[in-house]
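Order as written gives the chain letters A, B, C and D; numbering starts at 1 within each chain.
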């Protein structure tokens, strides 16, 4: 029977469950015209939960070690909750405009997905992993194709395709991961990560491990499991993409780290060599394919693939330092990428596909929005005084320390390639002329503006004074690996 | 006030004047006001110079040498005391005192003359002209009082700058703009030698002093001499000087006859202790100088522009000086510099007055001016005779001294060249006199009238010196070395005879109207050569065909090869992106293929290492 | 007051950035307010720099006015500022240039707010590089100094298209070669490639020195393995060198400078290129002396190519801005040449050349901006006789030219002279010769440009009219820089003494290692 | 049939699923193929559970089935959506987003 101690690490997750149920109840009671407030409510709930994480003590482990608490999972939970809160806030208008009658479900799905995400970092059992993974993943496929029937031939023409692609690749990789996990279980006789770590190596276990890792890299969108990413990003509703592009990635990395550094820690070398290859491939493919893109969301999708490659560098570097910097990178990335997509949503709320032409003349139509977009893009490119700079730099530093000097050079050079396409967007915003003669100011709704402002503050704040974030991340990484603080 | 104070006064007062005129535009735009300010300052400057010279005869006649540090001490000198210092300052001795007086007096005369000569210029331009005049005086004086070669170089470049500005005074005329540019290019080209020479000297000795003894003297002096050739218009770097006549005539008198072009000679005089250590350089100088003297004299014969005649004559006389120095006589060279400054300035100013009278430079537009412009003509004749080496006038003494020294050294070829040049000098000056002053008045000359007093006064002043300064050779040379006393020698008599016969022959040929056709025809090839200018042509060719073509080639290389490479890399990367994007087919089952294939590969790899 | 005094360096660095932030809250229409805020920001920096220079203790020398704010203590990253002799002079330069630069863009109207914000941010970065004493922050400031350039050129640059021709026409068409967006992109990307190389070396130094601190002094006294120095130095050289216009990574500079608006050209050629050279000396040569000693001959050799290549390329240009831009390439070669000599005179000359060239090229670009503003063309063959309508512009242009060709009495000469002195003392005495020839070639092309633009009878193109001289605020930049050229040229010790102090402190270590290396078989 | 036999069977089933996955044009057919793969996993788990003793594997299998069910539900919903959008359930219809 679970004891009270068992519940402590789960405090946040349980609170999230409570919040979800509350949202459900409110949705039932809310009249049609007011559904809009569901988004604000869910955002407020998530924000509240985020604040809560600073006041709960989640140390310890639950269910005989299947689930652990502590600084490391907590930090990932915070990231997920923050991402959820921002995404919910950013979605309010979009959801209200396009799915006025189905608002509650959208946020509920988001909450369910978030529950999977908050569970994932603490999971230390294969079973829990699988369940949390699916809990996170299945709602995402539904949200990706969230569309009214009458919109299917119009605004959301690509909704079905976007969702289907996400779903199908997800299903296949889940199946393959499960297949791999079944071998892992079979050869070790246990589903507990720490037990698996002790098992002797055998070919079948090798296959199992590799398939597991590969399956997880699907969620973060690393090459070669990235193919769904651009298509889904392009076709899905923009605020949802903002969520999709950051939250699952953070949790996916939490899972990958746990898998690599706990379950496979005795056989890390070989697994890491595969991760390194994936990292190189992601950086290369992501950056090169982003170059010719004209659709900004698609462009950002490819850029996201490249970013994942950089994050994987942190994983490859390993050690508390590398992992800590990965965590820092991810947290910066969440704010940045979320912000970038929300700006896109603000620019073209009526559409799901946003091309460079839509961005043209933005600096005249809305200087603030243009400046925000520019800063987000610069952060993605890794430019000083915005958080992306520190993130990339820290990861590179970890890589150099781990002896991957050439990887640093390669990564830095590819970052410059990335600057080309980021600047294409900035160029459209600042140097291109607006499609129409008259300058039509962009109207940004207060909720969206708030969400963007929060992202911007984070991006700038973490860039100007990264110290607390870096130290938190390092501390979390040390506690995760059981090193002395 | 001591000598150093006077020297500083005569250097910095013109600078202050120039700055005043630059910064206070209203004053400059008054024209005449600016001119008067400048002239007053020139008077004071001249007084200062005279006081400096006077001090040489007084109780404090010793060498005054005072410096301040200009750049941080170079580590180069090592620990030795006084080495590695990069300094500026004042050096007053006989040479600089004499030169100071020469420069300031000629400058004063020229400025006074200019007030009349330039009177018809627009006021703003008039003011600009006097600004540059004052600036020149500062630059030249700072060169003259230089305590070391570095400061000499600074002044050297500054006078070059003013020369550029003044030649280009009428910048609206493309020919003037081109001439200014050419003068600067050529002299700057030669100045590379000076800069290099300075650096070599500094590296070898740790100082910029000309008194040091060094094994590198040969290299240093040769490099310095390159600069001398540029500045003092020695063959083949003389080509800028005739073009420089595009400037106003008083400018030609001051810069391109009396002082600035003599700076090269002055450099050698100044740095003579160094040059003496390099006999080979001296020999080279003797030959280059004498060749220039002869060559320029020949070309001068066929010039039809009065200023061009005088310009080539200047070249020729500078050749004399260089040759004298090459023969190892500091005194002869410097003395000729002194006398030449006066009579050549006189000639130019007188010519300027003539030009002012007939509004043309062409000899053929003159004629019969003796009757209409008596004072000017008189001055011109005095100058011509002095230049021709007529006994009793300044040129006679200094030229004689030079010939004697060259003979004394046994430099036979240069001696011969100089003698021929002496004959030709008298001949072409005679020609100018006969054609311009006597002869048949042309259309232009009929309306000629005498110039105003502000133009005549300087002529008279300079005439006095052109006659008288020759007698002070001993006194002046005694200020800085053994006094050289004049005594008539055989070679002097030969030269005098040659000179007189030159005058005579030219009268025989040009004295009569329409005379001299035959001789001019005989010289025609030289004339063509001079006008089309083989040397000039060479420089023009090397600019047009070599420099600009190389530049174009490099420009192309930069644009297409280097930039092409960089664009190529960018292009390649973009192409790679465009080509690779087709792997994203859009068909979900293709994606599944990839996923499955990747899983298979990774799984196999796992199975392999799991063994 | 003591607060200001204690934090003077931070104030200098932060003032432009603070002004930039203030600009955010100014009303869009309040152009004059914007200008004054920018001017105040620039003035504070300039005044602060002057104060730093005046109070710099010449007797003790070394790093003064230290300030330290921990940024990421766990990694040893501190925002630590201090100023040495070099810093003093380069702070002054930056202060002067930005001060002049604000004057030069006083009349800008198109999106003035954004322009000033970016300009001031950039200046903060530059100032930061010159005074920061932490390698990491050095890099950070360096990047900041480089990046706003993209927008500054891309948005406010001039539209001068180059016809697509030649073997790469298809590439040109795609990239819009000659356009400002092309120039901006090329500049940004090329400079960042350099940064990538620098980054690796920064990590190498950090970890090689123990991985505890980025402090420049500590890192500067660490002894790095020879092998590492040998690969790290060229990376730094090329990395920083790309910003200094080192051949063959200079091609961003002509396009970039030609396309950039006036103040940006001024700042970029005047100060930013110096960052690169400063980086090579301050980080490359001082931190990696063995590498520097080994590579110095190559650095010098390439610098010599730079000097001549830049000058000769400039000769072939017909676009005025390209002429000036290539002359910058040539002059930056002089800086690198001085650095490569590893002699006191050479280094003094190199830093002084940064100073002198900064002022000179600032003046040049200010003037070119004026000419372009009046004539609406930069095409030299279509101009002529402009001196009639704009005599002062002509005069200042000649002044800048004279400094450029190394006329004594102007700042350029001092620098070149010292560099040549240094070159002659170095192991490769002949380096001085191409340098001297380069100065002459400079004389050829700049004065030819003067003749073609200002002299002669009048514009050769019928479309040029309504020329007029500088007026109003435009005088600001001209006089500040013009007087600077003369003053610092006639009495160079105003600046040179500071430089000399720092050089004497820094050089011996490098030079002695170089000497040891020369003796080793 | 020993463990190896079950494993081979599961592997065969899995391969069959993969084959179906890449060859079926019909979305529903693809779903079935995915289902086959999932069942191969279940077979593995149960076989291993039997081999090891204990019920961990069986619990795992139960979870796996539940997950698969949820997946299929969502998948079929998406197929319906595709049908509404395109009027057919051929997967190739969903290939507008590309490159």
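Note that a residue touches a chain if its C-beta (ideal position, glycine included) is under 8 Å from a C-beta of that chain, and two chains touch if they have at least 3 such contacts.
Please read all numbers here as calculations on a predicted model, not as lab measurements.
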B-D versus A-B: which has more C-beta pairs touching?
A-B
Which whole number of Å gives the spacing of the CA centres of chain C and chain D?
64
Averaging over Cα atoms per chain, report the distance between chain A and chain B in Å.
77
Interchain centroid distance [CA atoms averaged], chain B/chain D, Å:
96
Rounded to the nearest whole Å, what is the centre-to-centre distance of chain A and chain C, using the mean of the C-alpha atoms as each centre?
42
Multi-partner residues of chain D (each touching 2 or more other chains):
21, 30, 91, 94-98
Note: chain A residues in touch with at least two other chains are 164-165, 168, 172, 176, 230-231, 420
By residue number and range, which residues of chain B touch two or more other chains?
570, 574, 581, 584, 586, 588, 592, 596
Which of the chains are touching one another, listed as pairs?
A-B, A-C, A-D, B-C, B-D
Under the touch definition given earlier, write down the residues of chain B that touch chain D in their complex.
581-582, 584-589, 592-593, 596
Contact footprint of chain A on chain B as seen in their complex:
570, 573-574, 576-578, 580-581, 584, 586, 588, 590-592, 594-599, 602-611
Okay, in this complex, where on chain A does chain D touch?
126-127, 130-131, 134, 138, 141-142, 145, 147, 149, 152-153, 157-165, 167-168, 171-172, 174-176, 178-179, 181-183, 185-186, 189-191, 230-231, 234-235, 298
Residues of chain D touching chain A in the complex:
7, 10, 14, 17, 21, 27, 30, 34, 37-38, 40-41, 44-45, 47-48, 51-52, 54, 56-57, 59-60, 63-64, 67, 70-71, 74-75, 77-79, 81-82, 84-86, 91, 94-98
If we count contacts the way the header does, which residues on chain A are in touch with chain C in the complex?
363, 367, 374, 378, 383-385, 389, 393, 396-397, 400-401, 405, 408-409, 412-413, 415-416, 419-420, 423, 426-427, 430-431, 465-467, 470-471, 474
